[in-house]
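Labels run A, B, C and D following the written order; every chain starts at residue 1.
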């Protein structure tokens, strides 16, 4: 996938995702790569990053080597600023206190809609996926960053089922659906960093990961991509980034 | 007022009110006589009486001689079972967890409506009273006991302003107003104990206080009363009741 | 931050939510400072209003107060100050039920335009409040009342402790302060003491207000005086009684005199506390802490 | 009360709200007992469902589960047990957003028929849920979603401690348990320990569920095993991993075997804990208490 052999795809995802976060932001992070990447950003460049977890945690400060197996575990609360009800932490999104949501994704389409509910017909699904969790709420109410594996079957023209809304059918359809705020901001994969066109709201390649070609990205994508012009090239992970990441997840719980 | 000279009108109110409560009930009590009477009932006959206060207290157990100057003071929480938000304690009424509300009253009418907002025209009031507090919520959502002074100007045919609804205009007008539950249950004064007719919902004398005549009650009331038949006579305060009451309020904060 | 600087976040004409209830955890020092800075035309809202409302009307800082109950306290009957300002028509007291005020703050804090309630229906309190809407429930057909969200421009809240960022821990009665903090666009915290962020992080389930709601933190010991602060001091009743006697005797001249001597003349909040007197402060503290004695 | 007697409050066909979330404070002992008593046709609801949902479907206790997310845990990917029962059509998984579940319990706890939210709009999650109603706000003209109250017949909630009357104190993450307790018509509490009412009254601001919501209290140490209980034990991951390997290898036979050996055969909950093993219980306790070590 990449020219950086010392780094797994999951590690690449975590490091590039962490770079998308800015100090002082309030980020609502899902379990797995998002939790890990937000924690990485906090340790690298963003000591004032406030991490929220769905279990009901504000200002998490996860301990190295003690990654929680879900965002509802007690480990999420260690040295946090505040613990509250899990509906209440989601209400912070609705009230507008959250700058960015950060989740993983199973299937995404050209408008940034995510599916984590059904493969096939919902009435008789080929696969029943786990469902939205807080994903629908987060993506409905704030700006989203999604970190996910880049495979053609995961990057589809239209998802089978919109679990977590991106820009719905593009243009102004998101706002017209009753979602005036937020929307898909960035998608991070092991191949590239994506944004969305301001007008059409179609997915756009902003930067290629080190050693990745345009063709490689397009070939692994089930719809036609827009490429930013000029197109950036992402700097490779540094030893400091990778070292810090591995210190956080020495057992490769989320970076296998 | 009464033939029991060793007892003030306020003490009589507190003692007769306390008798209206039953062990095991959940009672939402206002400050003043209600707080005192509920505490008295708890010490006399109802150790399992659960007292709620508007400040956000469940299971209050007020200390003798340390009566709180409002139901929002820390003294209300001493040895309570639970402290919660003040909107949340009111929501218990809406959810149906409260058996009886218990308040004082400034002005009441034949249908048990209470006014604590305006004397005269609300647009240009002769007197602006303090307002509803939790009274409107309590009387809208549960069965009410009211303890108040019996004066002709306070017992009126129709209150100037319905702050806390009783049976509105009688018959089924309360339910028709969107208040299917609760209603005025008892009114306690230094003269008598009142209920409300099951059909017309007009105020009815259930029992005369010791030494009080029918005429005396009617003469001090600004509308025509119904008298229960047969009419009961309330037993006078016992020394034990009075002694316990004075132990609770030795400074006569609420029983002057 | 100083009381003076924090108070500049409150501009003339703003809507201001006030934390605490009746005589408890009232942000008195901040109100005192707003009077000194001669703020004008505020629209205030509080669950239950006590002598704080007297001062806001009597000093001409507030034009209107939204609350469920407004008196000095049950012990003193009606507030002659409130009566004077409302009955003569100069000031407005907008009355809602206590739960309605709470649900208005809660709607604001939840980021929705309204919440449904089952009280106020059938009463004249509702008739005075056309901004609430009676509504037929689409699920059950019942009549409900929709009360509109209340999102003050700024909230004034007094707490026992918070860190320099504004992560606040409230002991005992919370009243409507958590909803208010979430609902307000800005929050000014006064606090009995500022503690380290490390201390906050040791007991995160005691934190009630997160720092990102908070725009200013001011350490003001006895910042709710002469009202009470749970676990720290009870109300200073001798001062309160003298105050009530003075302003109820003459709501205009009595108030003018109280403001001159207790608000404008002192050089600092500590000077005001000196007027209450060390003996009463110590007594109130002793009673306040006694909640933890058993 | 015993687990056995408390479980009789849950009748066939009832709606059952389940406290905790994912692998945390799950009332596993009560679920275990319901399986042993062969309860049938339950309609369950929980914020996030983990292996508790596997067991409820795999034992045929529940016909339907209302939740926002249903898998064994992020570490193990999809639940093959859930997939088997839902995809073959025998069982139903009703999906709502996490906040929607929370607001449905909250509406139930507040005693109103619905609450308004701003999520789920525009998504296919909403298209699957015609029982939610899109609504034009009469105050702002915005589009909102009204989600209906969820008032389970009975709630199962596990807590760190409560008194014999059911006044319960929950440490750390509360999840949706407070709203659930208020919403349910009956509540069965399991608790790590029963403490005196005197102890509850010493710290009333730590009480999260009042006794009058509660219909049964059962002291069950390790009552959330093999899941975690905040501050007491973390999840027992070796047991969990063995469980997942077994049931995902064969969702029918694997589950049958697990239920036989871990639910039906043990003579008591303590016997089940013995199957987890003292070493893992002690390790989990050590990790659980470590939250308070710093």
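Everything below uses one rule, namely that a residue touches a chain if its C-beta (ideal position, glycine included) is under 8 Å from a C-beta of that chain, and two chains touch if they have at least 3 such contacts.
No experiment lies behind these values; they were computed from the predicted model shown.
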| item | value |
| --- | --- |
| Chain labels contacting chain B and also chain C | D |
| Winner on C-beta contact pairs when A-D is weighed against A-C | A-D |
| Computed distance of Cα centres, chain B from chain A, in Å | 58 |
| Distance between chain centroids, defined by C-alpha means - chain A, chain D (Å) | 28 |
| Cα-centroid distance, chain C relative to chain D, in whole angstrom | 39 |
| Chain B, residues touching no fewer than two other chains | 57, 77, 79, 83, 91, 93-94 |
| Touching two or more other chains - residues of chain C | 111-112, 117-118, 142, 144, 172, 205, 294 |
| Full enumeration of touching chain pairs | A-C, A-D, B-C, B-D, C-D |
| Of chain B, residues touching chain C in the complex | 31-32, 54-57, 69-70, 72-79, 83-87, 90-91, 93-94, 117, 122, 124-137, 140-141, 161-165, 168, 173-174, 177-180, 253 |
| In the complex with chain D, residue positions of chain C that touch it | 111-118, 133, 135, 137-140, 142, 144, 146, 148-149, 171-172, 202, 205, 294 |
| Contact set on chain D toward chain A in their complex | 21-24, 47-48, 50, 67-71, 73-75, 78-79, 82-83, 86-87, 89, 93, 95-103, 105-106, 117-125, 128, 134, 142-145, 172-176, 178-179, 228, 230-231, 234-235, 237, 288, 291, 294 |
| Chain C to chain A touching residues, read off their complex | 109-112, 167, 182, 197, 200-201, 204-205, 207-208, 210-213 |
| Touching residues on chain A, where the partner in the complex is chain C | 26, 50, 57-59, 61, 77, 79-83, 91-92, 94-97 |
